[in-house]
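Next come the structures, one after another.
Below, chain A partners chain B and then partners chain C, in two separate complexes.
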Partner chain A sequence: MDALILQILNGLDKGSAYALIALGLTLIFGTLGVVNFAHGALFMIGAFCAVTLQRILTLSYTVEDPTRTDFLGNPLKVDTPYVVHWFGDSIGHGIIEWAVPLAILFAIPVMLLLGYAMERGLIKHFYKRPHADQILVTFGLAIVLQEIIKLFYGANPIPTPAPDAFKGSIDFGVMIGFAANAIIYPAWRLVYFLFATVIIGAVFAFLQFTTFGMVVRAGMADRETVGLLGINIDKRFTIMFGIAAAVAGLAGVMYAPINSPNYHMGMDFLVLSFVVVVVGGMGSLPGAVLAGFLLGVLESFASMNEVKSLLPGIDQIIIYLVAIIILLTRPRGLMGRKGVMEE
Partner chain B sequence: MLGLSKKDTFFFLFVVFLTMATPIILQPFPEGSALAQFNAGYPDLMQRFAIYGIFAIGFNILFGLTGYLSFGHAAFLGVGSYSVVWMYKLLNYNVVPGLVLAIITSGLFALLIGYISLRRSGIYFSILTLAFAQMSFNLAYSVLTPLTNGETGLQVYNDDPQILLGANHPLGPHFFGIVMQDSAKINVGGWQWTFNNGYYFCAIIAVIAFYLSLRIFRSPFGTMLRAIKTNQTRMNYTGLNPRPYTLAAFVISGMYAGLAGGLLAAMDPLAGAERMQWTASGEVVLMTILGGAGTLMGPVLGAGFIKYFENIFSKINDGILHHWFSALPDGVEEFLVFIFHPFIGKGWSLTLGLLFMLVVIFLPGGLIEGGRRLGNLFTGKSRKPTTPAKDPEHHPKPAPHVA
Partner chain C sequence: MSKKFILNRRSVLKYGSAGAVTALATPYFFTRGALAEGENYLNAPKGDTVTFGFNVPQTGPYADEGADELDAYKLAVDHLNGEGDGGCLSTFSSKVLKGNGVLGKKVAYVTGDTQTKSDAARASAKSMIEKDGAVMITGGSSSGVAVAVQGLCQEAGVIFMAALTHSNDTTGKDKKANGFRHFFNAYMSGAALAPVLEKAYGKDRRAYHLTADYTWGWTQQASIQKFTEEIGWETVNNVLTPLAATDFSSYIAPVLNSGADVLVLNHYGGNMVNSLTQAVQFGLRDKMVNGKQFEIIVPLYSELMAKGAGDNIKGVYGSMNWNWTLPDEGTKVFVKSFGEKYGRPPSNAAQTAYAQTLLYADAAERAGTFNPCGIVGALEGFDFDGLGNGPTHYRAADHQCFKDVLVVKGKEEPSSQYDTLEVVEVTPRAQVEYAPDNEMFAGGDLGKCNPGA
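Coming up: the complex of A and B.
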C-alpha cells in the first residue's frame, strides 16, 4: 500500500510538470489556434530565469582581507555578494538561499514580455498559414532560443539548489496516518506539486471568474461573434499567449532544483507534452491537466519492479502506448471538442 | 529515354552528372589555400550527402506528395542499420544481403506502423508516428538489448558466426570484393580529388532512388498522392479510397529510409539506437522543408545543405575568422570577429535555426523556390505567373456605349 502511494506521489509530481506545460500549450492552441513547438523552449527559459536570478543575487565584489592569508601567503581575497553588503549578513544570505522561489517574481514579467513579443513579432504573421508552417517556424524558433541560451550559459547543466528548508525529505506517511519512515519523499517535489496545483487552479479561476476570462472563453468558442460585439479579441488573445508563456516559465523556474537546467531540457519535455495535449484532446484545458497527471501516474506505476518483471520494458513505452490506444479508440482524445484539427 | 519525357531525361542526366562529378565539384579550392576548409569533397561527408539525400527523397514521397507529416521516420533508419549489421554478423561483410534485408524489414515495419497511424490524419498522424518511433527508440535501449546491443551499439565481434566469411574476404564492408573504404586520390595542379568506392556505391543507389522517385512523381500513382494532399474529401466523392495510396506511399518512404539506414551501416559497420531518436526524424523534416517539399531536387539540396553546415561550418573557429579579417584595421577586425563568433563553430545550429526560420517565413517553397525567384529576377520573366497575364485577345476593351 505504501509503495502504491509512493508511486502515486511520484506520478503526480512528474504529471504536474506535464500538466503545466500542456496547459500552456492548450491555452495557446485554444485561443490562437497555433501549434506552438517553442513551448518547451519557454519552459527551459523559465528554468534559466531561476539561474539568472541566482547569478544576479550572487554578484560580488572582492576585497583583500589583510588579517588572513591564503596558502601562498598572499592576502586572502574575500568575495562578498552585494546583497549581503546591502542587507546585512543574515538577510542577505537568506535572499540568496531563496533565489529559486524569488525567481517566480522575476520570471513572471520576463515571460509575459517574451510571450507578448513572440506573438506580436512572429506568430501573428502565421495565423493564415497552414498548421505545418506554424509547427515548423516555432520549431525553428525553439532551436534558436535554445542555442542562444547555450551561448550564454554553456552546455552543462547548472545546479540551482532549493532553499535549505526544502532540501531534505519529508516523512509523508506520518501525515496521512502511516507508520514512520514508510513513505519518505523529497520535500521540494511536494512543493512542486502544490505549486502546480495552485497555478492550475489560478488559471482556471482566472478564466472562470473574471470578466477578462469570460471574454476569452467566449472568444475560444466563437471568435467572430465576440469580434462583432466590438471587443478587441486579438489583444486579449495576445495577453493569453503571454500568460501561457508565463505558466510554462513558472513550471520551469520551480523545476530548476529538481533537475539542473540545461539548454535542451525543453526539447525533452516538448515531445511528451505534445503527447499529453493530444491524449487530453486538442483545445481542452481540463483534458490537458487530466492527461498530464494521468500519464505521469501511469508512467510511475509502470516503473515499479513488480510491473516491470511482468511486462519487461513497459516503463519505457507506457506513455506512447497509452497515447496510441487513446488516439485510435477515442479520436478526439479524452475530452476533446468536435471539429478541432480534423481538417 | 527510360520512360521519361525529354525534359525529364535532361534533368535526370544532369542529376546523374552532378552526382558522379561530386568529388570534383565539391573540391573547388586548391589544397593549402585559405578557403580549402570549405572543400567538402572528402569521402565521409560525400557519403552522407548521398545517404541523407536518399532519406529525404523517400520522406518527400510521403510528405511532399500526400502532405502527411511523419515524425517517426528515424525508426526505419534505425531498423535498416540494425538489419545490415546483423547480416554482417551472421553471413559476411558483403553489403548486398544486408541492404536487401534492410529494405524488407523496414518495409514490413512501415506497413505495420502505417496501417495503424494512417487511421488518423493531421497532427494526430504526426503524434502517432512520433509515438511509434519513440517506442522503438526506448525499446532498442532497454528490452531489445539482445537484438540491438543497447547503448554500446550493434557491431561485429570476432566470435560472431559470419558463416560465409571466406579466407581472403575483406574484413570491412564490401560489394563483392570492392571495399567501401578504399579510394583513389588524384592530384591535378593544387587540387586533390578523392574518388571513394563507398561514395560511388551510395551515389549509384541514390541515382536509382532518384529515378524511382521521378517516375513516381510523374505516374498516375503520384497524381493520386497529390490528390490526397489537395482534397481528400473530393477524392472520396469520386469513388476512390485514399487509404491504400497513402499506405503505399508510407511504405515506400519507409523503405527508402531503411535503405538509407542500411547504407549508413554499409559505410561504417556500426548501428546505434540514437539513429531512431525523434531528433533524427526532425532532421529529415528540416531537410525536406529547407530544400522545398514536393519538389524533386529540393529534399536532396536540403540534405546536402544541412550536412554541409554540420560538418564544414562547425569547423570554423575564431582563429580562422581573425585570419580572414586580418586585412582590416584592428578595431574593426575585433568587432567583426565578435559579431560572427556566436554563429560559427559550436554555434552552427544557431545559424541553421535562424536560416530555417527565415526560409519558413519568407520562402515557404524552400531553397528551390528561392532559386526560382532569383532566376526570374535575372531573366526578367515569370515562369509561374501568380496574377493572370494580360491577354488583350480574351479581354477586349469594353465597347463604348452607343446611345
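Coming up: the complex of A and C.
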C-alpha cells in the first residue's frame, strides 16, 4: 500500500509538470488556434530564469587569502558574493539559498514579455496558415531558443538547489496515518505539486471570475461574434499567449531543483505534453489538466517493478498506449469539444 | 492531389536512395585516395603535420567529461609540439618524445562531438578519417560510443586510443586489434571495491542496483554483483534505466520498500548526478533498514560528477582510474601543467585522454611509423611508468592496461571546491588482474591489425 501511495505521489508530481505545460498549450490553441511547438522551450527558459537569478545573486568579487593555498600551491582566491558583502553573511546567504522561489518574481515579467514578443513578432503572421506551417515555424523557434540558451549557458545541466528547508524529505506517511518512515517523500516535490495546483486554480479562477476571462472564454467559443460586439479580442488573445508563456515558465522555474536545467529539457516534456493535450481533448482546459495528472500517475505505476516484471518495457510506452486506447474509444479525447480540429 | 503526393514521395524515395548509394560509395573513394604513395597505410601524413582526431561528447549526459578530455588532448598536443612546460614528457619512462612533434611532424588535430550517441560518434569519426585524414582517433566518455568507434576504426584501418570507457566489453567481447584502452574497467572496479565495502559495511548486506541500460551499465552491474556476492551480499534487484532518463524518482521509490539496505548506482555523468541527488532527496541515506544504516555506492566515480552532486557525495564509496591528489611525480607534473592552463585540476577522464595521446605518439616514435600495424606492435606488451598511474602494462592479448586501481570516498570535510574525493585505498594491480579468457571478457576476437590498405 505504501508503495502504491509513493507511486501516486510520484505520478502527481510528474503530472503537475505535464498539466502545467499542457494547460498553456491548450490556452494558446483554444484562443489563437495555433499549435505551439515552442511551448517546451518556454518551460526550459523558465528553468533558466532560476539559473540566471542564481547567477546574478552569486556575482562575486575575488580576494586572495595568503593563509591558504589552492591546488597549485598559489594563494587561494576566495569569491565573496556582493549580496553577502552588502547584507551580511546570514541574510546574504539566505537570499542566495532562496534563489529558486525568488526567481518566480523574476520569471513572471520575463515570460510575459517573451510570450508577447513571440506572438506579436512571429506567430501572429501564421494565424491564417495551415497547422503544418504553424508547427514548422514554432518548432524552428524552439530550436533557435534552445541554441541561444546553449550558447550562453553551455550544454551541461546546471545544479539549481532548492532552499535548505526543502532540500530533504518529509515523512508523508505519518501525515496520513501510516507508521513512521513508511512513506518518505522529497519535500520540494510536494511543494511543486502544491504550487502546480495553485497555478492551475489561479488560471481557472482568472478565466471564470474576471471580466477579462469571460471575454476570453467567449472568444474561444465564438471569436467572430465577440469581434462584432466591438471587443478587441485579438489583444486579449495576445495577453493570453503571454499568460500561457508565464505558466510554462513558472512550471520550469519550480522544476529546476528537481532536475538540473539543461537546454534540452523542454523537448523532453514537449512530446509528452502534446500527448496530454490530445488525450485531454484539443482545446479543453480541464481535459488538459485531468489528462496531465492521469498520465503522470499511470506512467508512475508502470515503473513499478511488479508491473515491469509482467510487462517488460511498459514504463516506456504506457503513455502512448493509453493515448491510442483513449483516441480509439473517444476520438475527441477525454473532454474534447465537437468541432475542434475537425473539418 | 493525393496522386501527386504519392508521386512526390516516390520521387523523394528514388532520389533519396540514389543519394544514399552515392554517400555509401563515397567513403570507399576517399579511402582509396587517402592512401599515400609509398606508404601502405591509410591517411599516411604527407606534409609536415600529422592529424589526430579527438572525438568526445560535447553535448549529452557526459558532456562535462568530454570537455575535460578535450582540454587534456589539447594540452598533450601542446606538449608534443614543444609548447607549454612539456608536462609528462619529463616523467614518462620512455624517453623518445622530445617535444618536437612526432616523427618530425607537428601534431595537428580535429575535433568531433559524439553527442554520447553511437551513430553520431561513428559519423564524426568517419568524417575525421575520410575528410580530415586523421591517422588516429581517440575519445570516449561512453562505452557504447567507444565500442562503436573502435569497430569503425578497425574497419577503416586507423588506431583507436580509447579514453573514458569502463565497460568490460571494450577490451572483452568487442576488443579489436586497432583499439587500445588505458582506462580501467568494471571488473577491476568490482575487484577493488568489494574488500573495502566488506570492511566498511560487513558481509550481510542486501543490494539493489539501478543500472544504465547499455553495455557499460550491464557489465559494471554484473561485475559489482559478482564481487559483492562473493563477500556474502545478496542482490535484491537490478533495474535498468534509460540512458536519456533525467528523473529517477519512479526507479528510486521502489527501493524504499524493497528490503535492500544498499543502493548501487551504476550510473555515470549527468545520470549519476541526478540519480544520487534524487536518492538523497528521497531520504535513503537517513534510512535504517534491517537494523543497518542505508548506504549508497557509486562504483565508478569522477571528480566532475562529485562536483555536480555536491554534498550528496559525502561518505559514498566508489572507484577511480586516477586522482589528481596522488603523490607521484607524473601526477604532480600533469596537475601543474593542466591547472596552470585551465585553472582547475584535471579529472581522471582528462588524465586517461592525455596519457593515451602521449602513449600513441611514443609508440609511433618507437615504431618509426604511423602505420597502425607498427603502432600495435609497439604498444602490445609495453611497460611504462611516469604518467600518474604507477607501473603500467599494456597487455598484448586484449590491449587492456593493467595498473593499480583507486578506491575513493566522498570527502566529509572538503577544504575547497576541488577537494571532493579522498583516496581510501590504492588496490594493487595483482588484485584486479584477470586472465584474457575470463568469463566476463569471453567472446570476440582481437583479430589482426588493419592498416587500411
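To be clear about the criterion, the second predicted complex is superposed on the first by the 329 of 343 C-alpha atoms of A that agree within 3 Å, B and C clash if a C-alpha of one lies under 4 Å from a C-alpha of the other, contacts with A are read in each partner's own complex, and residues count from 1 in each chain.
Here, a residue touches a chain if its C-beta (ideal position, glycine included) is under 8 Å from a C-beta of that chain, and two chains touch if they have at least 3 such contacts.
It should be emphasised that the depicted structure is a prediction, and the values quoted were computed from it without experimental measurement.
**Q** Let me test your reading of the model: by the given contact rule, A:H131 touches which partner, first (chain B), second (chain C), both or neither?
**A** first
**Q** If we overlay the two complexes on their shared chain A, which of chain B and chain C does A:D268 touch? Say first, second, both or neither.
**A** second
**Q** Where does A:I258 make contact in the superposed view: on chain B (first), on chain C (second), on both, or on neither?
**A** second
**Q** Of the two partner chains, chain B (first) and chain C (second), which one does A:F71 touch, if any: first, second, both, or neither?
**A** The answer is second: A:F71 touches chain C but not chain B.
**Q** Regarding the shared-chain residue A:Q316, is it in contact with chain B (first), chain C (second), both, or neither?
**A** both
**Q** Please indicate which partner A:I148 is in contact with in the superposed arrangement: first for chain B, second for chain C, both, or neither.
**A** first
**Q** Considering only the touch criterion stated at the top, classify A:G140 as touching first (chain B), second (chain C), both, or neither.
**A** In the superposition, A:G140 touches chain B alone.
**Q** Indicate the residue numbers of chain A shared between its chain B interface and its chain C interface, in ascending order.
**A** 150, 316
**Q** Show which residues of chain B lie in contact with chain A when the two form their complex.
**A** 67, 69, 116, 119-124, 127-128, 130-132, 134-135, 138-139, 141-144, 278-279, 282, 285, 289, 342, 346-347, 349-350, 352-354, 356-357, 360-361, 364
**Q** Can you tell me which positions in chain A touch chain B when the two form their complex?
**A** Its residues touching chain B are 35, 122, 125, 129, 131-133, 135-137, 139-141, 143-144, 147-148, 150-151, 267, 271, 274-275, 278, 282, 312-313, 316-317, 320-321, 323-324, 327-328, 331, 341-343.
**Q** Quick one: in the complex, what on chain A touches chain C?
**A** Going by the criterion above, the answer is residues 2-3, 6-7, 10, 13-14, 70-72, 76, 150, 154-157, 159, 161, 167-169, 181, 184-186, 188-189, 258-260, 262, 265, 268, 299-300, 303-305, 308, 315-316.
**Q** Quick check: in the complex, which residue numbers of chain C touch chain A?
**A** 58-60, 63-64, 67, 237, 239, 242, 244, 246-247, 249-251, 253-254, 256-258, 270, 273-274, 277-278, 281-283, 286-288, 308, 310, 324, 335-336, 339-340, 345, 416, 418-419
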